[in-house]
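Please read the structure below before turning to the comments.
Going by the order they are written in, the chains are A, B, C and D; count residues from 1 in each one.
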Amino acid sequence: MSRLEAFSDGVFAIAATLLILDVTATGSPLSAELLRIWPSYVAYAVTFITIGIVWINHGTVLSLVAQTDRTFLTLNILLLAVIAFVPFPTRLLAEHLFDEDAQAATLLYGITLVIGATIFTSLWFYGALHRRLLKPTADAHLVEGISRSYLPGPFLYLGGTLVALYSPMLSAAIFMAIAFFYLVEATVFARG
Amino acid sequence: MSRLEAFSDGVFAIAATLLILDVTATGSPLSAELLRIWPSYVAYAVTFITIGIVWINHGTVLSLVAQTDRTFLTLNILLLAVIAFVPFPTRLLAEHLFDEDAQAATLLYGITLVIGATIFTSLWFYGALHRRLLKPTADAHLVEGISRSYLPGPFLYLGGTLVALYSPMLSAAIFMAIAFFYLVEATVFARG
Amino acid sequence: MSRLEAFSDGVFAIAATLLILDVTATGSPLSAELLRIWPSYVAYAVTFITIGIVWINHGTVLSLVAQTDRTFLTLNILLLAVIAFVPFPTRLLAEHLFDEDAQAATLLYGITLVIGATIFTSLWFYGALHRRLLKPTADAHLVEGISRSYLPGPFLYLGGTLVALYSPMLSAAIFMAIAFFYLVEATVFARG
Amino acid sequence: MSRLEAFSDGVFAIAATLLILDVTATGSPLSAELLRIWPSYVAYAVTFITIGIVWINHGTVLSLVAQTDRTFLTLNILLLAVIAFVPFPTRLLAEHLFDEDAQAATLLYGITLVIGATIFTSLWFYGALHRRLLKPTADAHLVEGISRSYLPGPFLYLGGTLVALYSPMLSAAIFMAIAFFYLVEATVFARG
């Protein structure tokens, strides 16, 4: 399992760190420009935290799984492909939050998160249903608690995405709220 | 062996994650631009999965190898150099799939994969022939199955590349098909 | 703990290595341009060393901690978010050190380091106060020495930042001096 | 020692993989452009292999070292700072090999390698002299062989750099020759 973790950790860490490459300040004077681009900071922070949370949860999943199989590995690669994709919609969201392209940017950001959350939840339930891939020692209450915590994820993000059809700003605020909700949840189940 | 794995995992993970830096949307309106650049999404997904597969296979190889020698290490560095090169032809392929440079871009993408598959297959057969570097415990049937699975790789990619002389689009479709074929194969032999 | 370390190491290593992407030389002739951009080299070196130091100190903290909890994990993700943010103010500082935007760039660089140092010090004291998360074997003198060494960090960086209101150049020089001071401190407490 | 290795491996892998970001083809037609930029491919390959070799040698050094101290850690961070710097002169060398800035680019590339080789050799001799940091089990003949292999490094690169004053092309060819020489040497002493 350790190389699966190493590759996954690498993708999570790189995707999160690459986010900063899309924060740029080229206007003048710099002081005004640095204030003007505040959506970039918020998008950076919320997305970094979101990736950090998925990384924590991913670690929780792997710590409970005894073995992997072909479906699990395939789902994991698809999840990593979505995680590594995240810097792209994040950059667009930060750039376009206040112009006429806000809706397109928010929808892309939301759809990316819906797909990611759906794959992540599938990864967990594929391994956890009937304890298919779980360690015999995996505590049944913990497993159930995690299932309850992950299940609403795709629906929360889908809801936030649909809100973008009405108000991109509200949609972005909901994504932020979901990030903070899961930051709390993630740290409950994490075992160092 | 663990540092060889760490360095290799790092290069695989970084090369895969850097792919997203080449996905850009600068046209206006954004909604139309996001639909127009669909070849970028496909190129990103297929290439990410291809790198993921080579990573899985690379892990399978290393898990069966008991020791390394100078030739094995040299082949491994050459393989990583090709893997880290992949974002360049991928970017060109996504940019030029529908313009008059489609053939040049597809040929470069294909040639890169032919070279990569050739080095990878060489790495495996160098270690596996007469069980030169294999662990004594490496199962003979598994070793044979892997050899049968890897051998056609360079020829499949060479065929796909030659097709680009006739139709770049068909060539790109073949690379996609090979990726999905090997996704299935890779997960058969992977042992977590 | 090992995945926490792997993810953290990844972010530290990537943030430090990405710094070079912001060093560019496009003027002509190249020889004059390479001399003209010396602030880029200094900013690169000082920031790389600063990130290296925080990485060493972070390793010292984790080596003394027996377990983590939700607050510790959250502080750690916030710390990593700041570390991964550092290439942005570094790029601006190198670009603007000698133009009319020097103050804005130096302030942003300084504020980033103040926030980073504050989170890092909080991470340590959260774990070390009343030995909350420390290993039973963690030596009391070592713990006290580390506390004495980390505590001034946020104040040193705050002082250096405030100096930027008066002289950006002096402020940059102070950040350099703090880096060298902590390079010495960090290697005292590091245990391989 | 394992976190030192993880951070170092990360920097090596990232620096090597970032090299590809500087390979670009924007001219038209693409087929001609892809042939015209062949110096980029050579610079990419030689530099990737050079970083790979230093990584192999770095692994050899760490495998023989029993403990680290403050000087060793500081030298290691300085070495990593130089390794992470390498993509910058590589990009300039590939861009300017055939224009009037060839000499400046070759000199910068060479000076970077001289500094890197000097720090690396210092790192080794600091640890190996009087077996200061070596494991008791480190074989004396191996240690001596490594010392003999590393010592000429800075002088070889210095010679290649000075040649750039007379002929940048010849200088670049010498750097290529040194890379292949050390590829052979590195794999002799590497122990998987």
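Here, a contact is a pair of C-beta atoms (placed from the backbone, for glycine too) under 8 Å apart; a residue touches a chain by one contact, two chains touch by 3 or more.
What you are looking at is a predicted structure, and each value in this text was computed from that prediction instead of being measured.
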| item | value |
| --- | --- |
| Same-residue or different-residue interface between chain C and chain D, half as cut-off | different |
| Chain separated most widely from chain C, comparing mean CA positions | B |
| Between chain B and chain C, centroid-to-centroid distance (C-alpha), Å | 37 |
| Inter-centroid spacing, chain C versus chain A (mean Cα positions, whole Å) | 26 |
| Of all residues in chain D, the ones touching two or more other chains | 6, 10, 14, 18, 21 |
| Interface residues, chain D side, partner chain C - complex | 1, 3-4, 6-7, 10-11, 14-15, 18, 21, 67-71, 73-74, 77-78, 80-81, 84-85, 87-88, 92, 96, 100-101, 103-105, 108 |
| Residues of chain C that touch chain D when the two form their complex | 5-6, 9-10, 12-14, 16-21, 23, 25, 28-31, 34, 44-45, 48-49, 52-53, 55-56, 59, 62, 183-184, 186-188, 190, 192 |
